[in-house]
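See below for the structure under consideration.
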Amino acid sequence: MKIGIVDTMFARYDMAKDAIDELKSNMAGIGVVRYTVPGIKDTPVAAKKLLEEQSCDIVMVFGMPGKEETDKMCAHEASQGIILAQLMTNKHIIEVFVHEDEVSSEKELAKLMERRARAHARNVIKLLYYPKNLTRDAGMGKRQGHDDVGPIKIK
Amino acid sequence: MKIGIVDTMFARYDMAKDAIDELKSNMAGIGVVRYTVPGIKDTPVAAKKLLEEQSCDIVMVFGMPGKEETDKMCAHEASQGIILAQLMTNKHIIEVFVHEDEVSSEKELAKLMERRARAHARNVIKLLYYPKNLTRDAGMGKRQGHDDVGPIKIK
Amino acid sequence: MKIGIVDTMFARYDMAKDAIDELKSNMAGIGVVRYTVPGIKDTPVAAKKLLEEQSCDIVMVFGMPGKEETDKMCAHEASQGIILAQLMTNKHIIEVFVHEDEVSSEKELAKLMERRARAHARNVIKLLYYPKNLTRDAGMGKRQGHDDVGPIKIK
Amino acid sequence: MKIGIVDTMFARYDMAKDAIDELKSNMAGIGVVRYTVPGIKDTPVAAKKLLEEQSCDIVMVFGMPGKEETDKMCAHEASQGIILAQLMTNKHIIEVFVHEDEVSSEKELAKLMERRARAHARNVIKLLYYPKNLTRDAGMGKRQGHDDVGPIKIK
Amino acid sequence: MKIGIVDTMFARYDMAKDAIDELKSNMAGIGVVRYTVPGIKDTPVAAKKLLEEQSCDIVMVFGMPGKEETDKMCAHEASQGIILAQLMTNKHIIEVFVHEDEVSSEKELAKLMERRARAHARNVIKLLYYPKNLTRDAGMGKRQGHDDVGPIKIK
């Protein structure tokens, strides 16, 4: 299996490095192709090119939208493009975005970015190799980066 | 007939289980294929893959958008993708989303999720086997999960 | 000519019935195919199926978005899908939506829904049979359901 | 060259008439095909039909979004459709929208609509016959309808 | 390699000139095709035409959205179109937009526009000729026009 990795120069932390480390630690011999673009709006076509021109089986897209209104809009437009690229290729593109204002300190931000990158790398392995394991976690309130919320407590 | 079921690990209740139970209780011998993905934005391509690669006749997508602004945006993007996937395949994908803030307690939320899942499962059976029955309810203010509102009272 | 009619169980008034009555009263021998779906987001693919699988020449989609923010968003997503379905088929889909909060009483709402349904049915006949008549009304401030606003008064 | 003209019965001023006059005054023998639809959301498919079924080289779409929130949303959805129609055909569709609340009196509105229609008609002629002339005005702060703003004043 | 340049008459500064200068200074013999359109919503199809009809390898789109709400919406719609055009062609279109209200004086605005245009021209050269160099800057908080923010400071 070959995994595409798209990331940006705009982001302030190298999530791709963590994700690649996690992928290689969990699955020996997995192939990785990396493609860095300037900003988040350049990621949808980069992901599609990896799927169609580099025969990747799945792509992870890493992005860090800034705090401004415009940044939120860019992330929204990128997300729409990423969903469209998946529908055009019938392959998954796992979007790993961390909003710069999700936490309040730079230290927490770095920690969140590493955790989310690694958690989604493990999701990618499950999607490719053990899809049934995902169903075991269906409806279980799983989160990536932040702690799991868990299922609804009825009593 | 073969029904695709897409759901997420993000959701905090297993709506798919209720829907599958409802489908099987109402229509003996109905086929079901289940596909769990990490989050709501992964659902459009999963639904399309079930329609095109697993020959499903219809797909149900279960999602539970959280309370934050970002969660609402994710649900919006997923909905756009789900509509597009339908237009690309000429098949129905029934979106079964329950917003975490639709009701105020966890207990009510679980109840709402079960009811909506089961009600839409019955809609799926009607769409596939008894489409004329749906027309009987046209304009009747039907709801799924919450009580029906009913038609406008003119007098 | 064959006219597709898509409507929902969610709506609280049967606009399709009025539209079909108006169509048949104005154009003897016109064909009508009706397709009812659960909610407004199910309408785009239903319209496209009528155009492509049932050889309809045009489709009318009837919907009644509710008062909540979520309802407005559903209507927006449906509208985007309806425009896309038209671009994929090169045929018109006339969207006949009445927002539940356009008027203040249930009685007015029913009246508005009937008037809008009938007015758009007449528009459909013009689009199919007398397109030149529409140009006669270009820029004339025509409305469907509410009274016409009329052209700008310059003096 | 053949120019498609799409407009609506909803608008309160006949911009198409002014544009056609401007086109014919500036370019003898230019062909024009006119297509009037009920409202702004019907314009994208009308424009695409003119490009693909009537062999138009370019299309102008005239619309007048009203003052309400819903009207703004309709204009947004139409604009998205118009951009998509261009990408599907590789031809220009010049959107000429005047928002009813851009100016405060009906008299100014009519004047604005005429000026914008005529200015865009001249743009269409440049795009078709003298594309290099447009580059001469690149970055010059040109407006259609309102006065030009002009380039940034550095000193 | 051949680079397409799309810009507008609406913008109040000629960013394309700066970008072309930067491209030619950094890469001898690079080809450039320029295409000016009236406004920002005309840019997506212009970019796609350069990629498909003029065999450009990449396109840069220059735009300057104004300060009004409507201008923001136009920029959003253009961005969606630019992302879609990339997905339809599997080629990059680098969006170089400067919002008129990003800075407070006309002098700063001109300076920002020149810097962003030149920075993105250098990105284009990297994407085409030295893609590996972009990965060296992955997650480094690079900005175009404004000063780089740099990577997260963990200690």
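Points worth noting:
Each chain gets a letter, A, B, C, D and E, in the order it is written, and its residues are counted from 1.
Everything that follows uses one rule, which is that a contact is a pair of C-beta atoms (placed from the backbone, for glycine too) under 8 Å apart; a residue touches a chain by one contact, two chains touch by 3 or more.
Not measured: the values here are computed from a predicted model.
Counting steps between touching chains, the shortest path from subunit A to subunit C takes 2. Interface subunit A/subunit E: under half of the residue numbers present appear on both copies, so the contact uses mostly different residues. With centres set at the average Cα position, the gap from subunit B to subunit C is 25 Å. One simple way to say how far apart two chains are is to compare their mean CA positions; for subunit B and subunit E this gives 41 Å. Multi-chain contact residues of subunit E (touching two or more other chains): 80, 84. In terms of inter-chain touching, the protein chains here make up one closed cycle, each touching precisely two others.
For subunit A in complex with subunit B, the touching residues are 76, 79-80, 82-84, 86-87, 90-95, 99, 120, 123, 127, 131, 134-135, 137-144, 149-154. Contact residues on subunit D toward subunit C in their complex (touch as defined above): 7-17, 34-38, 41-42, 44-46, 48-49, 52-53, 64, 70, 73-74, 77-78, 80-81, 84-85, 88, 106-107, 109-110, 113.
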